[in-house]
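To start, the structure under review is shown below, and the notes come after it.
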Amino acid sequence: AQEMDKVSVAIGQRGLWDTLVVHQGIEEGIFADENLSVEMTWTKGGAETLQAVTTRSVDMGFVNGMLGILGAYQRGAPVRIIGAEMTGANDLFWYAKSDSDLKSLADAQGATVGYSRPGASSHLVLLNLLAKAGVDAETVSAGGISDNRTQVMSGQLDAGWSVPPFNLDLVAAGDLRIIAKGSDLPELAEQTVRANISNTTFLTERRDVAKRFMRAYMKTVDWMYDNKDKAVERFAVFNNIDLEIAKEAAAFYPKEALLSVPVKGLDKTIQEAIEHDALREPLSQEQIDELLDYVYDPR
Amino acid sequence: MTHAEPHQKQRLAFVLWGPRTAGLLVLLFLGLILEVLVASGIADPSIVAAPSEMLMSLERLFTKDNLGAAFLITLAQALSATLLAMLIGLPLGWTLFRYEVLGRAYRGWLAAMFAAPLVLLYPLFLVIIGRNYGTTITMGVITGSIPVALYTCEALHKVSPTLLKVGAAFNLTAKQTFTLIQVPAAVPDAFTGIRLGLIYALVNIIGIEFLIDFGGLGRVVSTMFFRYDIPGMYAAIFFIILISLLFLTVLKKVERWLRPV
Amino acid sequence: MAQTGMNPRLRRQVLTLQVLTPVVLVILWELIARSGLLYEGVVPTILEVASAFWNEVSSPELYHHFGVTLMELFGGFTIATLIGVVTGIALGSRPFVSSVADPFLSSLATTPKIIFLPVVMLIFGIGPESKVALGALGGFFPIALSTMSGTLNVRPVLVDVGKALNLTRWQMLVKIYLPSLVGPIIRGMRLGLGVTIIAILLGEIKLSNAGLGFLAIEYYNTFHIASMYSILIIIFLTALSINAVMSYISQRFDRA
Amino acid sequence: MTATLEVRNVSKTFESDNGDRIQALAPANLGVKQGEFLSIIGPSGCGKSTLFNIIGGMIPPDSGEVIVNGVSVSGPHKDIGMVFQEESTFPWRTVLDNVAFSLEVAGMEKKERLEKARHFVELVGLTGFEHHFPHQLSGGMRQRTAIARTLASEPRILLMDEPFGALDEQTRLLLGDKLLKICDALKQTTMLITHNITEAVQLSDRVAVMSYRPGTIMRTIDIELPRPRDSELISTDKFAAYVGQIWEDLRTEADRGMKAVGEA
Amino acid sequence: MTATLEVRNVSKTFESDNGDRIQALAPANLGVKQGEFLSIIGPSGCGKSTLFNIIGGMIPPDSGEVIVNGVSVSGPHKDIGMVFQEESTFPWRTVLDNVAFSLEVAGMEKKERLEKARHFVELVGLTGFEHHFPHQLSGGMRQRTAIARTLASEPRILLMDEPFGALDEQTRLLLGDKLLKICDALKQTTMLITHNITEAVQLSDRVAVMSYRPGTIMRTIDIELPRPRDSELISTDKFAAYVGQIWEDLRTEADRGMKAVGEA
């Protein structure tokens, strides 16, 4: 057989429905069909993935926050967006203890509500949600999903953020109640919050590999929604969770949210980036054209 | 001194060319090389930051990112952790000294804990206490109180038996012996413990701030990294090193003053 | 611990205390776990921790991570020792140079190494190399400082003995300096090893795909608290045994 | 202000950590007369400090008793002032505060005690160094501070354990002269422990020679040299004769001691 | 195997870190004859070690020269063997390996050098302790090891700087006897630095008395005592006379020295 092309990728946030695309594709043999052998590294999030990509430790990075990418690009990092990873904020949700008075975010006047860190998508979405609900809550940079859970359970926070499948088991058990979802903000559905990236070297020297990779990636997304039962089962096995919960989690993600092209709502994102110090000034159109480099665009 | 004549010219030369000046010059020189390397494109600017840019970021860090406040937050945590560590460590050290059974039973354990990577317990406190100053200060207290207790105990043990005999020869009561001989004799060594305690508390607090993205100086580094603000990140690290230098210098001065040779 | 020179009664009391203390602590833990005072996920019962511990040690997964951490430790510590000793001797052989270097070295030594992780990652990527580099960076300073002060404090009269016998530079190094430095180097290595261990494990916690630190934080992130505790226990047992070995070595070879 | 001291059948055996027993003192007998200056000389490790500590009440004897002015005593006794072999000044106190120590713990008022301390500082020739800390002084000056501190408590009997043991011969001779002056002034009952023959002869009315372990008093020699004395004395025939006589007694003992050390 | 040594107009001034200048040696002149045992005595801090270091080539003089067997030398010279004032045995080597050190660096074969070393170990009376490490020995035994190590390099001139400075008087007298025997056996040109009068008189053919800083040779005294000698000598009138004579010269110098120390 012909020698397979090796590709190394870094992926943030292990085990979510959307971050498992590459895993699903590998298991299904979709990457192998493109003659690609994929080496996967899980990272803890955007900043680490970005480092890995810009220093060429890996060829491509998945699940990167837009703000981080924009900032790095403006500061001269050799980074390009090769496709959207997540459009909209359907995955995010906020929860409170079932025995608390918080039935929905509308009750959150004066309550403490967690998000991960300033400028992260959980922060932006929470601000939007609160604005929409018209309440003045105390937002707290409370760290990751597990940090939020501990603080909510021990009463230090009134509400915390999460993404599926995390904490859905507690919701199912009746300990927690979901009080808000990212999908409550339909306007956000038109904004890409996370993207997939690569570095300029890889994109020039092995563009063909990148192209095949993205083709396989998109095929995998199609496959996941065409064979949802199988995909959900694999998702459940990977995370060692109940099939029911896995189904529930998968339901958070409409297929449109996972489409790679195009990257939506960039203008708004740029504005937010400036507000949160990720960008010093808006990007010019030439810069945007350079940054968005869809290696494979079936449209 | 009998044949000592002050040689003004040589003194001046010594001050000018002393280690401190030389150190600064070396630092400047290294900075210059780095600047040239970055400017000429030999060093990748997405990996290293030009010193000039770093200095400019330092200004930005102070005005926009509240580095000053971050410093005060870290300082306040370190100082309160050290204070608590002293409140725990000093009596504990004394107890281990006073009651031989306890000393024999626990001193070795304490020494083992001193060598153990206690900072790794932070997830445990993250779980128990939460992601707040409680965790950072607790970690500071735990890592800080061990050297305080160990050195206090050691210091009391090390009090010269001759000095205690002097006390006995003057018929001192146990209380007088403690306040007039044991305490003053133990102060310099006990202070070494307090100095180590403070440094351990500071180091661990900054480290955990960085790890959990919370609090003062450590958080600033983490934020800069998250923002991919490389010069800002280097500037923050540089600032932390300066703070260590400052702490060390002050503490060593105090120690030298307590322990004249 | 040296327990010589204790009368038998004292020895018995000490032993009783040393046995009783962990028992009391365990019971206390169990009481807290059962009292429901703290959120149950946070303080699992002893039984839960024990079974998680057993699960860990009987899974081959653990040994993979253990191996990764040990490899990183070995690599980082070896590099730290080699560079530290050479740097220490080089700086220490000129008193002026060492007084210039001392403030730099000691303030870097007391800076938390973990904040250098971003820098190290920028240069070495996110694989084990960056952990090795961080560990080497951590271990380097104590070893260099100790070797440097050891070199500075090599007893001048021993150097004079060498000079009086017209020793060559090489003979001076091998017959006088190095033997004098055995003690300081081992002492520095002992301190450095502690820092290396911490740096590597924290590096794994912050960013990696393998290693005990990674495993612990992974369990934390996925709410497997009992498993997290068992990894922490394994980490501490390992660190304590490594330290015990180092203590033994330093007692053996440090004739100062 | 002075008194007599008697040591009757005092013996002491130490048990070391590993269970070995070291007999430091075989039953020893000794008397110091009112106002007398007695030196005890013996090789290193022969039990001199043990005897010193027993007399001062620092450690209890296994047998025998210590009698001060005809009364048997046990434990530290205020009539006995002790100057220790090792460095014993308080490093955190100035010379003056060191000397005033015993007065301070006795509750004497500040002004009064400093005045009195100043007197003893002068007596040992340290005027001008009142506000120096011990680390700013030479070894000889530190020992003089310790002597002044003990004298300030006005003991009726002065015990000194090799106060100049760590100093070189020339300094010892000079300090010996200083000590002679002080003794002439105070006429105090004094017991000096030393291993230096010259010093013993230079200072004493009587010299007791001790054997190597277990220490016993082998003999005592009256030193019939005129007072007031001075270190010039050492050039005299009589001085040399005393030195020779003591060395004759000590030599084999010292040799035994020297051999024992290496085997440790 | 022996030689003559001459010191001509050697002077030295030290400059301390803070710029103070200390004149340790004023121009000093001195000659040691073939096979002679010369002692240099002076108060502490008078510049004895400075002179020792200059002769041994450890430090350069500011002026003057050192002449060995008629030839001016500079730097360490293989004809000169040095025994230092401080503890100078290698703690990581056994007695035998310490003594064999110079032979080892000279490249002598193992068997040969150990045999030769054993001879010198015997000479200083340490047979039986060959495989002990220095920390297992007493101070006097360590100094004897250092002496044996220097003797093993077979220097034509032996320089010793207060080799027994840290020991007590009785041990010194005993070791002095040992040294006398060694010297009688080797008939080596020897220069001993000491601050102990008894030791100087006991051992030397001639004693040079040094003044306090800046050190100069004030006078030299021929010691006309018969050889072979022994420490019994100290009881003789003649011995006492020499001691007295030297003390007379030294006393004011020692006093100056003692006063200077406290002022530091």
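Just so it is clear, A, B, C, D and E label the chains in written order, and each chain counts residues from 1 on its own.
Note that in this section a residue touches a chain if its C-beta (ideal position, glycine included) is under 8 Å from a C-beta of that chain, and two chains touch if they have at least 3 such contacts.
No experiment lies behind these values; they were computed from the predicted model shown.
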Intersection of the contact lists for chain C and chain D: B, E
Graph separation of chain A and chain E (steps between touching chains): 2
Chain whose Cα centroid lies at the greatest distance from that of chain C: D
Rounded Å distance between chain A and chain C, as computed from the means of their C-alpha atoms: 37
Separation of mean Cα positions, chain E and chain B [Å, integer]: 48
Geometric centre distance via CA averages, chain C-chain B, whole Å: 18
For chain D paired with chain E, centre-to-centre distance based on mean C-alpha positions, whole Å: 32
Of all residues in chain C, the ones touching two or more other chains: 38, 41-42, 118, 122-123, 206, 220
Sequence positions of chain D contacting 2 or more other chains: 136
Where chain A touches two or more other chains at once, by residue number: 55, 150, 154
Touch list for chain E against partner chain C, complex: 53, 56-58, 76, 78, 80-82, 84-88, 90-93, 101-102, 104-105, 133, 135, 149, 153
Interface residues, chain A side, partner chain B - complex: 46-47, 50, 54-55, 68, 71-72, 75-78, 117-119, 141-143, 147, 150-151, 154, 156, 277-278
Residues of chain C touching chain B in the complex: 1, 3, 6, 10, 13-14, 17-18, 21, 38, 41-43, 96, 99-104, 106-108, 110-119, 122-123, 194, 197-198, 201-202, 205-206, 213, 216-217, 220, 225, 228-229, 232, 235-236, 239-240, 243
For the chain D and chain E complex, residues of the former touching the latter: 43-44, 129, 136-138, 140-141, 165, 168-171, 173-174, 195-198, 231-232, 234-237, 239-241, 243-245, 247-248, 250-251, 254-255, 257-258, 261-262, 264
In the complex, chain B residues that touch chain C: 19-20, 22-23, 26-27, 46-48, 100-102, 104-106, 108, 112, 115-117, 119-121, 123-124, 126-128, 199, 202-204, 206-207, 210-211, 218, 221, 225, 230, 233-234, 236-237, 240-242, 244-245, 247-249
